[in-house]
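Once you've had a glance at the structure underneath, I'll fire off some questions.
As written, the chains take the letters A, B, C and D, and residue 1 is the first residue of each chain.
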Amino acid sequence: MTTLPSAEAEILVPFHDCDPIGIVWHGNYARYFEIARCALLDRIDYSYRQMLESGYAWPIIDMHLRYVRPARFDQRIIASATLEEWEHRLKIAYVIRDAASGERLVVGHTMQVAVTMPDFEMQYASPRILAEKLGIKTS
Amino acid sequence: MTTLPSAEAEILVPFHDCDPIGIVWHGNYARYFEIARCALLDRIDYSYRQMLESGYAWPIIDMHLRYVRPARFDQRIIASATLEEWEHRLKIAYVIRDAASGERLVVGHTMQVAVTMPDFEMQYASPRILAEKLGIKTS
Amino acid sequence: MTTLPSAEAEILVPFHDCDPIGIVWHGNYARYFEIARCALLDRIDYSYRQMLESGYAWPIIDMHLRYVRPARFDQRIIASATLEEWEHRLKIAYVIRDAASGERLVVGHTMQVAVTMPDFEMQYASPRILAEKLGIKTS
Amino acid sequence: MTTLPSAEAEILVPFHDCDPIGIVWHGNYARYFEIARCALLDRIDYSYRQMLESGYAWPIIDMHLRYVRPARFDQRIIASATLEEWEHRLKIAYVIRDAASGERLVVGHTMQVAVTMPDFEMQYASPRILAEKLGIKTS
């Protein structure tokens, strides 16, 4: 059995991501998700750039975020991304934690589907290259 | 029976919200949700400012976005927000449409809970002021 | 003599543009400049889209902002853009004012040069199409 | 003679900072300036947090950016910040370089003045604490 890959990135929360309440504005966690997602895609050797070179974009079609505890300016956090599904769509789960205590701050997921470029035609199964990149044998 | 309130805002998609694929970067729809949410909260006379004046912040604890069709630079879109729940938390549903065709682009929701300020203590029922603002009689 | 064109846009400052000090984060005024600039370019019938269709991108090569007075959440502001130079580069001046009082909040300028697309070769004089759009006779 | 302090930060350009032309949107360099500025202020032990604790905010009153060469998605860049003036205002100069080649991408500066908090009263000379932090003897 193959373990699905994961990756993480450390982020120092910048001032410009924080709102007048003094916490990271909720929409900015989508940035941290993307930083972790790009680290994960680099790990499987299928970065955004490689996606485009393979003839596909993989737009986000669904995103969910659950906010457990607010992050603040200058807090060191770890954003991790784990691949959860890949056959028909790319589902990635995220956890953002405080770097020092390990406390969970935000959890969530994104779903992406392959679309051909430049005509944006949606693919109902993931193109073969994804399985290849994951080292999964398909018949 | 009371109809729950809704509001909408028209937005001209700015260049700086679009990504190298040429579409609005998925995280930026959280901005459009907030613009519609603020229009809705203004309508019920309980804006962010009034929330703080009433002793509470209402942080987002959950957000979901489903992307149906990408918006692009210079597209005129309508973001609408509708109150869906208010008793224990503030749940708001969103639809973003193309202004010309009415086609749905993104749908989603947010959930907020009251926390006292400045100590961030979570309230398990919405403070009375919200029902008052909604014109709902509570015993 | 030709008066150089100008345009303006009204903006309601969104919450997500404000920082923990409670004011618009200084970098976000570049967004408001761009909204005014796009209104101006629409007026001269040479929008970002038309620029690309004409074979050129016009990247910003210089930007200056002077902050006179901070804008805050929910403040209605007017961003105006005025064309100042066009022969060798596109220089645009900006003023952001409070909509109610007319008080100046931020002033600044940007400079852009034409580069051919997709090879990004810099043009040392503005391509003829810009003068045409401005209705200026060139020999 | 005292050498004025400097600091730098390495940044991996995220996708969401890039625009439909495929380059970092010009306004986003203000983010990179701030990341370098915060590294510099940490080095002199006078971070944003410490500024506020000392009774002052230091809003940006002037920012200039000159764009030499565009940065792109996934490019590793170094943003450096150097203190240039401190007596009446805090003037910081920035250089953003490609991490691999050292090529300059963007240069610029910001100016900040002390304002008392929470009443935003502007100080025409830098408060004594700044000189102390810089280890400069004032009579």
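Keep in mind that, in the parts below, a residue touches a chain if its C-beta (ideal position, glycine included) is under 8 Å from a C-beta of that chain, and two chains touch if they have at least 3 such contacts.
Not measured: the values here are computed from a predicted model.
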Remotest chain, chain D as reference, centres from CA atoms: B
Winner on C-beta contact pairs when B-D is weighed against C-D: C-D
Distance from the mean Cα position of chain C to that of chain B, given in whole angstrom: 30
Between chain D and chain B, distance of the C-alpha-averaged centres to the nearest whole Å: 34
Separation of chain C from chain D, taking each centre as the mean of its C-alpha atoms, in whole Å: 24
Where chain C touches two or more other chains at once, by residue number: 15-16, 21, 27, 30-31, 34, 73
Pairwise touch network: line, ring, star, complete, or other: complete
Contact set on chain C toward chain B in their complex: 14-16, 30-31, 34-35, 38, 47-49, 73-74
In the complex with chain B, residue positions of chain D that touch it: 15-16, 18-22, 25, 27, 73
Footprint of chain B on chain A - complex, ascending: 21, 23, 26-28, 30-31, 33-34, 57, 59-67, 70, 110, 120
